[in-house]
Amino acid sequence: MQTILSIGVDAFAYGMVLFVISIGLSVTMGLMKFANLAHGAFAMIGGYVASYATQALGWHFGFALLAAVAACMVLAVPLERFLYRRFYGASELRQVLMTIGLTFMIIGIANWLMGPTLKTIALPPALQGPVDIGFRSVPAHKIFAAVVGLLVAIGLWLLIERTFFGVKLRAAVDDAPMAEALGIRTKIVYAISFSIAIGLAALGGVVGAQLLPIEPQYALHHMVTFLVVVSVGGAGSIGGALAACLILGTVKTTGSYLMPEFGNFFFYLAVIAIVAVFPNGLMGRAK
Amino acid sequence: MTAASLTISGLTAGYSQTRILEDIDLSVPAGGRTAVLGRNGMGKTTLFASIAGQTRRHGGTIRLDNTELTALDGAARARAGLGYVPQNRAIFRSLTVEENLLSGLKDRPRSAIEEAYTLFPRLAERRQNMGGQLSGGEQQMLTTARTILGQPRLLMLDEPLEGLAPVICDALMEAFTQLAASGTMTILLVEQRLKAAFDFADTIVILERGRVAWQGTSAALQADTATIDRLLGVGH
Amino acid sequence: MSQPRTLPLLKRGFLGDIISLAVMIAIAVICFHFMPSNLSFFTRIIAIMLLVLAIDLVTGFTGIATLGHAALYGAGAYAAGIAAAKFGINDPILMLLIGVVAGAIMGLISSLVILRGHGLSQLVLSIAVVQLAREAANKFSGWTGGSDGLSGISPAPLFGTWRFDLWGRTSYWLAVVLLLVTFFLLRQLVRSPFGKLCQAIRQDPVRVRAMGAPVYLTQVKMYAISGAVAGLGGALSAVATKVVGLDSLSFELSAEAVVMLVLGGTANLFGAMIGSGVFMWFEHTMATINPYHWLTIVGALLVVVVLFAPRGLTGMAETLYNRLIGGLRK
Amino acid sequence: MSILEVRNLSKRFGGLNVTNDISLVLNPGDRVALIGPNGAGKTTFVNLVTGHLKADAGQVLIAGQDLSTASPTARVHAGLVRSFQVTRLFPDMSPEEHVALAILQRLNRAERIFGDYRAMPDVMDEAYSILDLLNLTPLARTRVSDIAYGQQRLLEIALAMALRPKVLLLDEPAAGVPSSDTVLIEKALDQLPPDLAVLMIEHDMDFVFRFARRVVVLAAGTLIFDGTPQQVAADPHVREAYLGSYAE
Amino acid sequence: DVIKVGVVGPFSGGAALQGRNFQAGIEAYFALHGKTVGEHEIEVIYRDLPAADPGQSAALTQELIVGEGVQYLAGYYYTPDAMAAAPILEEANVPMVIFNAATSAIVNASPLVVRTSFTTFQTSTPMATVARERGISKAITVVSDYGPGIDAETAFVRAFGAAGGETVQSVRMPMTTVDFSPIMQRIKDSGAEAVFAFLPAGPQTLGFMTAFVENGLKDAGVQLLAPGDLTQESDLPVLGPNAAGMLTTFHYAVSHNSPENIAFIEAASNWLGNPDELSFPAVGAYDGMTVIARMIEATDGRQDAAAAVEAVKGMEWISPRGPVSINPENRHLTQNIYLREVAEVEGKWINHELQVFENQGDPGWVAP
């Protein structure tokens, strides 16, 4: 019993970290219909910024986190303007090619600027210690990640489903020329959404850095995981992504505990089973 | 809101390298009701799309009252007073009916969408349905309602009756006539059913291979069966 | 109407095929003479080319998205390798055949999984398939050598005459011939009714169904054919390299092959070949010039190509050609 | 014997009763128009008959054979062919390829992996006879994405013709085609074999009254009328709910 | 004349740091001993092989031999890459000196293979003795599920059993594991007094050691044991605090105190720029160059692979890691294995040597 509870806690924490990192991708892929494989690269940039800010400049974690998100959002503006914008509505394969190319470049540059070694982000004392939750203790940074994840989920859901901006965004994605013809400034809507998605990537990169350490290959290493989470949840669905992260987190954690030697088997079998039953993902919008 | 006049001169436009429209001159006075006719593939849709800013322009100018449109992007043109109901309907399939209507409001308050429901009660019944689930006729209603909600000063309707039941067609043409008569909108209409076009329009423009082949009053055209046969009849 | 409705053989693209084959042979001869030290590398390019052609069949022509095609390539490679290393089947032609069959079977199996999804979920299913295949190969290390790779493959001389030597001449010519034959057969395949049907399915499967044509079965069949081609590529690499590693079953290889395809241009057999040739050659050259930072340059190349050649290198060539012809006409 | 028999077909979308216990019989040679207000459920009905949607209840029989659970493909093989309300064509392919593929499929040769239809005289001749009929020959080798919408509609009909159906379901075949050019469609329909049964959804009443020998009216998912065109035009309910000024 | 040496290694990609260390070792050798042997000048040609990819390895190797005309092959970080190059050595008349790849069986692939690194068996086996000496009788093994991991597990379990210890469980984790909490839970539940772990050097080790501490295993007094791959010096700045007190056995520590090592480190760091990037592959490369120089000397620049290899069988010298010799039987290095503890010395995290196991051969090697 103790063990089951314990696994449950680990699964929840792991799932929430996954969620924070991949939700931005769910937004780009589901809402903006952009297969942005460079998502991990932006998460990595966020991680580097935060690492540099805490280690070299000695900033407080909170400021470093904000700086990382802000830096990535600012970086997103020219990238969107000069690169991504040309690929809205292009075939998925072209988007994949472009973003893989971009990922390669970012990896190369990271390797050159920051070196091939691991980087860590210094946590404030409050997030360092364990927190006692009754029957066991959990590292505070995991609780922090979970809380951030929930807040992001709620905030995004409100933004997309309940605001005028959300309607404009979804309209622009569905049929950009028509949205323009209705007076929606699609370019601005897109730029803002893209920037938000990249900001979320950076947030995920920093918050999740304790599990997914920052190094140049980060951008490629975790690409598959992000893709899997997004599609199992249903691209563009926040609830779906959350559910997918928790389910897959549980499968992986339980597998790691019970039969680690088959860990990935169960993980991918679960993916196949879920997608076979829900071809649009757990809560995907039907096409 | 008052109706706006449209002046096109020397417009040449098309898709990427191909030119579909050649040297179009056209002017529609404020409050006018103009029908654009022509056989399939003659460039009617392309003309509207060019005014809306969705094609590649090779030359010429388009003015709405005194605003030069050619320098503006689609959204800015819409904000300058252009409304476009495209032939393919362009419903936002993954948005609900209500959200589709919201998207057309420009900066009007949310409550304005009730106007659309008054015009098409059928839409009110389906307000929570996804756009993609609607029947053909319902989609046609939705696209028209959505554009009208933005209170355009120049409304371009590309075959707005397609797929609508005769009763609805009657009601809709009635509504268009009223909008034009009230002086709030200039209307440009593409319609395949000559009778509907003749009944509605005061001026008629006929396109033939991307050029204006005939232009005149509706009455003059109705009297000129030879032209009707030549430009609109079965051409072989 | 009395005008003849059917087209003569040459106008149906046959002439084009003959010319392309001639050009390919010419290129092969030139490479052989002027870059003899790179024969192994060319052989490797051709093996990957076969994989990219296989992906083109399902993705470019039939519209099934996949990031897991290495499963088929790897199946071919391991089947040929295991036949040689564990069962002593050393005849290279036999090894290739075994690879083809294994690839086709793997294609059949993975299509059953992959066709359950659409779009993004299809991609992810394909990733799951290749990851599972890789896990399995890692687990059954008694058969596959696991992460250390399957070694101990020593193919007998080709037709009892040509040894697979240090210079890699035998493997090179074997690869060239395999590529030519495969290319020619695939050209016929994509022009056949079946090929057209696949292209129709890519564009609108619902419409195809409404025409009464089978969609699912056609896709499965195409997947099996594609598997045979990919399996051939894998088996070729096993024969030429004499070692099979887990990389031949990896997501990375699958993704890289898709990148090559898009680079060259999809739904176009030339695109598949040009894409893989150019990408691998460029990567190789860059890596030789600067082993540390070539990735940045390769990434930049990809971005530039997608920016300025939306339909890939072959699309760009086509546009240039049309401009040229158009210009001459004027 | 009836060629198409629909028995008590029903379908609900959530709370909406789109198809309400509809029964309908088509005999060889029938020319039936299906009319009704927007959203009455006409397209849904066609989708149920062709198997593109799964019915909640009811049966569909083609030539006496129960195909209620059969796939759309199987129904096509049994002779049931449809066109789409919004054209669905293959944008990268030419009209020639479209029609040839349909013919090949009918001849069970669509899955051959060798041979080129352009070398098959029977296929090419038939394809061009259909394209000629619809005046599509000049566009035979143009990509469909480059031809105008009206002509795409004609190609939809060409495709249906190439399949030589027993029952043809046409969903608004003339929508977006100028009244002058609907003549072409009518001409094409006239060329169809006399024993073919045609069910057509159409809102263009001129066309309906020229074409149909029988009219069926659907409203809110229920069949409310089945009779001759004259009877329909005279029916006060139909006039009020649907025809409007047209009846005058 | 110029004698060309072709070096294949990971200069980009996930193991780029190790490739850099290959080059650092080679440059250090040149800095200390010059680029010439007699009248023969050594020229090194690098080829990048970022991941285990035998096909590419075979192509690069062939190109080096045929195109560049190299007389010696060297480098090879991953086992399959070395395996793919081995079959052509005899025909090419080229010896191969392996700088890293650590599977015991590689030396059997060709008589022309010489290895100057280590095998996982070699570095893992002494850990069993260490564990027993510290009174540990129940241990659990936790390894990454791939060749070297399985080698490490087998080596430890075998030696630990022979020394009278009991391995209560053997856990193999997928290579892609990022969350190690469930594994730690399992270790906890197993009741073992010590964990013997193996993960490839790199990003995963950080997560593993963090989880070890965060899940309270360190506080519970469970001893963490591992081969030195887990605590390579280039990772120590970030691993440091969590890894403190961890025991590893390995053939080389940057902190090894000998004049040879001090000279070596200075030369290698010079080239690297950042001394923190120095790691064990550098010493494999450095010694590899020592061996190649001896081969060139013995053959006087002639291309005679068999003679070159023959000449270094039984060769003995003092490496930066300590005294080493080449076992004539399997052409693998016989060397000291050190027990080290992760400790902070003068503000820097190091592998502090505690104990020496002298002249260790490769217990994993089986004669063909």
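A, B, C, D and E are the chain letters, set down in written order, and residue numbers restart from 1 in every chain.
Just so it is clear, a contact is a pair of C-beta atoms (placed from the backbone, for glycine too) under 8 Å apart; a residue touches a chain by one contact, two chains touch by 3 or more.
Since the structure is predicted, the reported quantities are computational estimates derived from the model, not experimental observations.
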Every chain in contact with both subunit A and subunit B is listed here as none
Compared with subunit A, which chain's mean CA position is the farthest off?
D
Just how far, in Å, is the C-alpha centre of subunit D from the one of subunit B?
29
Centre distance in Å when subunit B and subunit E are each reduced to the mean of their C-alpha atoms
74
Averaging over Cα atoms per chain, report the distance between subunit A and subunit E in Å.
36
Identify all positions of subunit C at which a residue touches two or more other chains, and write them in rising order.
135, 252, 292-293, 295
Could you pull out the residues of subunit A that touch at least 2 other chains?
108, 111, 261, 264
Output every touching chain pair, sorted by label.
A-B, A-C, A-E, B-D, C-D, C-E
In the complex, go through subunit A and note every residue touching subunit B.
164, 167-168, 170-171, 174-175, 177-187, 285
For the complex, which residues does subunit E have touching subunit A?
12-14, 16-17, 20, 145, 171-174, 176-179, 181-183, 185-186, 189, 202-203, 206-207, 210, 214, 216, 234-235, 237-238, 274, 276-277
Within the complex, which stretch of subunit A touches subunit C?
29, 35, 83, 86-87, 90, 92-94, 96-98, 100-109, 111-112, 220, 224, 227-228, 230-232, 235, 261, 264-265, 268-269, 271-272, 275-276, 279-281, 284, 287
Subunit B-touching residues of subunit D, taken from the complex the two chains share
13, 35-44, 85-86, 135, 147-151, 172, 175-181, 183-184, 203-205, 240-246
Which of the residues in subunit C come into contact with subunit D in the complex?
1, 5-7, 9, 12, 188-189, 191-197, 199-200, 203-204, 206-207, 209-215, 218, 221, 225, 267
